[in-house]
Structure formats: structure tokens, C-alpha cells
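First chain A sits with chain B, and in the next complex the same chain sits with chain C.
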Partner chain A sequence: MTAETLSRRDWLGLIARAPLPLLEALWPDDPPPFDWLRRPETGAMMVQGRAGAVGAGFNLGEVSVTRASVRLQCGAIGHALVQGRSPRKAERAAVLDALLQTAAAQDVHARVLVPLQEAECAARETRARRAAATKVDFFTMVRGEG
Partner chain B sequence: MYVAVKGGERAIDNAHAWLEDARRGDRAVPDLEIAQIREQLALAVDRVMAEGSLYDPDLAALALKQARGDVIEAVFLIRAYRTTLPRFGSSLPVDTGAMQITRRISATYKDAPGGQVLGPTFDYTHRLLDFDLENGQPVPPAPEADAQAGPVPHILSHLGREGLIQAEPAGSEDVPDLTRAPLEFPAQRALRLQALTRGDEGFLLSLAYSTQRGYGRNHAFVGELRIGHVRVAAYLPELGFEIEFAEIQITECESVNQFQGSKTEPAQFTRGYGLVFGQSERKAISMALVDRALRARELGEDMADAPAQDEEFVLSHCDNIQSSGFLEHIKLPHYVDFQAELELIRKLRCAAAQGLEAAQ
Partner chain C sequence: MTAQLTPGFANPPIEAAHAFRQVLEAMAHPGRIMGLAGIAAPAPCSAAAACVLLTLVDGTTPLHLAGAHDCAPVRDWVRFHLGAPLVGPQEAAFALGTWDALGPLAIYPQGSAEYPDRSATLIVECVALQASGARLTGPGIKDAAWLNLPDPAALRTNAALFPRGVDIMFTSGAQIAALPRSTQIGDA
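On to the complex of A and B.
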């Protein structure tokens, strides 16, 4: 996984879905000085489904989220909309988004994004392998002829 | 007669202190951690999220702890909390076709592309109590096998290609929301599905069962049941693009139902749909059956008068916070109401006795 393959929409999603303890472990640094454009605010997003999986949209229920926006002293602006109720996670995510648009991008990519993506892939891989182990192999009993 | 109802503050305070003490239980037993509830009572957590209509496992676990394991009380706590949250917006509809499957079965096709995947199921267990759990024995990790990457298409899409199953009409962009506007009848299907997915599991189970026993018969097959993780995406105007900001676990059931055809529709299979937060397959199957039953009138079915086919009956009674709120309010002081009834009974008896005397 190279840093260049992640677009901004990819990294915003990756950080938004990441568990906070992992994010903190990968990036324990104090953030660089920044100004709040929008202080962390916890709220909800309504999740939609589709009738019959493919038809008209309907409201399934809400998911808790926290959003924040920051501006670094260099002028880079970072946004975050993260899953869960942690203001700390939203702050970290917004600062990381801003940093990823500066000269620090390559370092942050390597230290934070690549391990986050590896962790997400590993979790998916484990689920897929466990599911595969419970896949049913049907066999037909040989029936007697005549 | 007006009876002043005041006082009892000290009794209430002490009752709540006792409640808190009772919730904690024997102090010699370790306090439950939220993470323990989230990880080890995960299906209770899922039910609280589904009926509380807020996906947040830690919050649902906290609610269960505070409610002493009373699921409906926990749902009440979540519903109350969610009203304090500002709504930032709405997601794009989740793509359940792109779900990362942990369980996927079909009762209609043995050899469905993608296969039958059992996942972590209670099915085929013997329902014998496992006394090893009393001792907290270490548990080995789940077995693994090589996984084949590739899409797992919805099984009903095969029937759709042949035109053997009724198509799902696309809806308008504007999705109605029963948390924002009061429910009116007749309700659109989108509102019905929203009411059902947050409705009480027990109530929907009973209604679904009633359709199987003949009250609004519409013989259902589980065309497909899938449980897994999907990503939730939303368009963020400040960025000008969509991001996949969350991942949630959901359960989906598509039922396939016999349909003889009617004055307006050809003979074909019809659909019922269930989609629920978390791993909740009993609820998802129930929802699909009740959704299908509620479509009786739109499909022009005769004799659509069973309880599960009555939209107003189902939707007005499926919410366990509404129903328990109204049910339980009758235990609160009704001294004045009752006094009035008492006076009335006395007067009637008195009048009847006088009438009797006069007749003699």
C-alpha cells in the first residue's frame, strides 16, 4: 500500500471508521497549533436503506457521529465527520485531514493511514475467512439404481 | 373534588437510591464493564440499537447496564438520548449487495452464487445448557478457511431477471421520516418500513407468526437472509464529495411469497423486506413477513382483513416506547378520576335502590 493510492475521500472515511485507541496509538503526537473552524459537535446521521434492497429509500435509524473542522497555522483546513461520540476522535481526524494536505502528508500517510488501512483489511480478511469456514458444501447421496 | 397530590419527594429520592443500589447488586461481585456488555451480550445490545433507532454499541451497552438488563427500559433511554442529538444529515441508501457477509442463507436456492454461509448461528445447536460457561473456560478462536473474494449477489435478483417476482419501484428522493412528522394513514411503504425496523421484536414476531397460521395467509419463503457489515456513506457539502464515514452491522431478510395474481397484477412472486440494525434475524424475518402482509391492499388481495394486514393496527401498536408509556401511565395517581367513578357507581346504585322501592 503506497501513500499515493489514497484519495482524500478514502482517508477521511478510513479515519472516520477507525477505533480511537488505534488512532491514538498510531499518532500520539500533540497536534500542531490550530484554530477551530467548528468545535467538535456530536450528533446523528440518519441511515437509509432501500425497500427490497433495490427499491425506494427509507429511514433505517440513526448512527452517532461527531464532526469538527480546523485550520492549521499554514492555512490548511481539515474536516472530520467520524463515527461515534468522541470529540477527541473528531479533533484528531480533522487535524490529520489538514496535515495530509501539507508537506507532512507523506509522513502521516506512512505512520497513520497505511497501518489503519492494514488493520481494516485484516479485520475484513478475518471475517471473510471465518465466514468461509462456515460455508456449506452440499453433496448428494448416491441413489441406488434398479 | 380536587385532591392535592404533592409530597413524596423523600420517598421518591430514597426509591431511586435503592434502585441504584439494587442495580449494582452484591458488591462482592465485580461491577460490569460496558465493554463486557458490548462484547458478551452483543445480541441484547443489537436489539437496543434497533429498537432505540440509534446505532452506537457502547451507548446501547450503557443503557442496558443502567436499565438492569430491562431491554425496553434501555430502548427508552436510547430514544430519550437520541432526541438530544442534532441531526447533521442523511446517508445515501446503504448498498446491502456490497455487504461483507458473515452469514447468508437461502431457503429457496441450494446452489446460490456465493454459497450458503452459516456464520455464528444458534441454528443446529442442541439448546442444552453449557455448564462450562459457569467456569469461564478459555475459548479458542473461530476456525478459518480460504475465502474467495467476489460479489455475493442478492438471490432475488435471479427471479427478477425472469420477471417472476414483482419489481421494486424506485421512490422519490424525498424520504419521509416518522421522527419528524406524525404518522398518517394510509402510510407510504417507506414509513411502514421505518416503523417496523424500530418496532418491538416480540410484537412483530407474533404478528408474523399469525400470518403463518392463517390470519392473512401469504405463504413466505426466506429467499435470502444475510448478516454482515456495510459502510455508510454521506455527501458532505463542505467537501463536495461523499465519504464512507461509518461501518455498521445489519441483518437483511428478503421473503418470497406466493401470489396467485389479482385483478391488477399477474401471477408472480411478491416480496417482503426486513432490514434491521445489528444481528437480529428473528426480527428481520418477522419484519419481512409483516411488510408483505401490509402490502395486501396495494396488491389487490381479497379478504385483507387480518390483524397483520391492518396498517393502522400494526403501525399504531408496534412501538414499544409508545405502548409501554401509555400502558404504564395507568399506575400513576388517578385519584381524582377514580373518585369520580366511585361517586358515579354510588349514585347509580342509590338510584336503582330507590327505583326498586318505588316499584314495590
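On to the complex of A and C.
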């Protein structure tokens, strides 16, 4: 998937999963002036699981989440729902979401989303490679009888 | 469409507690006009009515929007800030609108003799609140209070149903006055 085909759902997830230090490093700018629609507030959410991704749903456990909503002066509204208790991250994510709906989208895309996507791909690949290194192939030797 | 969305309480725990206190005072002293402001409400909703909604309504309280209040800006605002299910008058726990738009009081849940709390609370938007008009007596009123009621006869019928019936809050701009079902309504 290339960066150009990212939907809003994709970039919301990408920003929400990114660690805050990486987000700050990629986008250290001061945010444009904005109003809070909802100040960052922390709560708990129940995460549901499904055994083998097909079984009946069950409650896996609660995670802390922080949500925030902002409105830029041009009227664009950004939402964020991030795991953890960092109001700072929720604010950054919400402002980025709003910016990605404005004329600044191209710039933010290139500066933030593309590196985030590359970092995520690289992390996934590293993990897959480390898992692959421990792979064991079992086989049965033909018993020499007769 | 969503560009008209306005912020809620700037500091929700503190401001909601203050607003709750004002609503409580208003309910405890029927006919007393209390101030209730602090947030920008989506038109045509008044600031006081929006404060009441933010304080008392959430995802577990079905809300009925009547007449001109049943418009996109108010619906968006309710969906974002309250998450309350929007329903018809028969299932509503809260209803918002002008007196004419809300219609007859009998169509709202009146509670039962066993559970009088299973009734609706109506937020009636008024042009102005004045301490004149109908004479109010009853619990919470020392001698008598006066309030410009939109339709004293219908409200008298509601009071006669006690302990059943609906509770009413009148809002106008940044003011609120309440008329619980326990209040007796006299003549002007």
C-alpha cells in the first residue's frame, strides 16, 4: 500500500500506534491555532478478542485510552483516540488528523505518514524475520526396513 | 456541517458540578429563576438548555428533540457531546423544544404509581422568564412564587397527576426555572 492511498482510517491508526518520541521527532512544529472541542480525557476501554479470530467474542481486558478532539480555525475537525494516558499524544494526533484534511495534507503526508509507515513496515519485518529464524521444519525419516 | 460544532464545558468536572448545583437549586425552589451559562450552544438551543443537557444527559438517557430543535447542528452536537439516543416522545427521558413544539404533556412517559421516577423531564425553551403570571405554591416555596407559564391549565392537569406526571425546566438564554410536578399552580 502506498502513502497516497491511505484512507482516514489508515492514518488515524498509523498515528495512534506511533510512539510519541517518534511523532515529536517527525513533526516538532507548533500546532496551528485551534479550539478544543474535547480536551484530552483518559478512560478505560474494554478490548474484545475472538479465539482464532473466528470464535465467539470475549472480553480480553481493559486498556487505558486518551481521546481528544480539536477544531482548526479553517473549520477542519480532528479526532484522536490513542492508547495510554498521554494528553500530549492525543493532542498531537488530533491536530495531525485535522491538518490531513486541509491544504497542508500533502506536506504532512510526506513528512509524517510516509516515515511512520516505513518505520512500521520495518518493525514488522524485523519481527517476522526473528520469528522465522526460530522456525523448525519437522520431517519423518523413512525407516529402513527390509 | 460539522464545522458548526461548538465546544462543551472547558473544564468538565468543575463546570458540570456547578451546573448541576444550579439545576438542583432550580428544581428545589420551583419558580426561582437561576443563572446557568458558560457554553456556546448550537442554535436554536439556549445556553441554559445546553448546560442542562451536558450535565444530565448521556448515552443512557433517551432524548427527544422537538420542532426546530430537531435540526442537524443540534443533532451533531448531541451525538458528539452526549451520545444520547434520539427517540420519539413516548420513550424519551428528556425532551427539548419550545412549548408548542413539545406538544401535549400526556404523550411523554408519566411514570407509574410504583415507579414515578420513570417519567420524562421536559426542557422548555421560552422567549423570556419573568417572576410574574401564575402563582406557584408547594414544596420548596416559602409563601408563593410567580412564573410566566406558557399554559397554566395543562400544567395544572400535570400537577394533578402527582405522584405521576412530568417535570419541567423552563430555559431562556442563560436562565433556568423549574416546575416539578409537586408544585400547585394557582391563578395569575
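In this section, the second predicted complex is superposed on the first by the 137 of 146 C-alpha atoms of A that agree within 3 Å, B and C clash if a C-alpha of one lies under 4 Å from a C-alpha of the other, contacts with A are read in each partner's own complex, and residues count from 1 in each chain.
Methods note: contacts are C-beta pairs under 8 Å (C-beta built on N, C-alpha and C of every residue); 3 or more make two chains touch, one makes a residue touch a chain.
Since the model is a prediction, treat every value here as computed from it, not as a measurement.
In the three-chain model built by superposing on chain A, chain B and chain C fit together without any clash. In the superposed model, B is the one of chain B and chain C that contacts more residues of chain A.
When the two structures are aligned on the shared chain, A:Gly55 is found in touch with chain B, with no touch to chain C.
By the touch criterion defined above, A:Gly75 reaches chain C but does not reach chain B. When both complexes are overlaid on chain A, the residue A:Ser64 reaches chain B alone and has no touch with chain C. Once the two complexes are laid over each other on the shared chain, residue contacts for A:Ala131 go to chain B alone; chain C is not touched. Once both structures are fitted on chain A, no C-alpha atom of chain B lies closer than 6 Å to one of chain C. Annotation: chain A residues 41, 69 touch chain B in one complex and chain C in the other.
For chain B in complex with chain A, the touching residues are 49-50, 53-56, 58-59, 82, 85-94, 96-97, 100-103, 110-111, 115-120, 142-149, 154, 156-157, 168-173, 175-179, 189-191, 193-194, 197-198, 228-229, 231-234, 236, 238-239, 241-248, 250, 252, 254, 271, 273, 275, 277. Against chain C, the residues of chain A that register as touching in their complex are 35-39, 41, 69, 71, 75, 77. Contact residues of chain A toward chain B in the complex are 8-9, 12-13, 16-17, 41-65, 67, 69, 79, 81-85, 124-136, 138. Those residues of chain C whose C-beta lies close enough to touch chain A in the complex are 2-3, 5-8, 10-12, 80-81.
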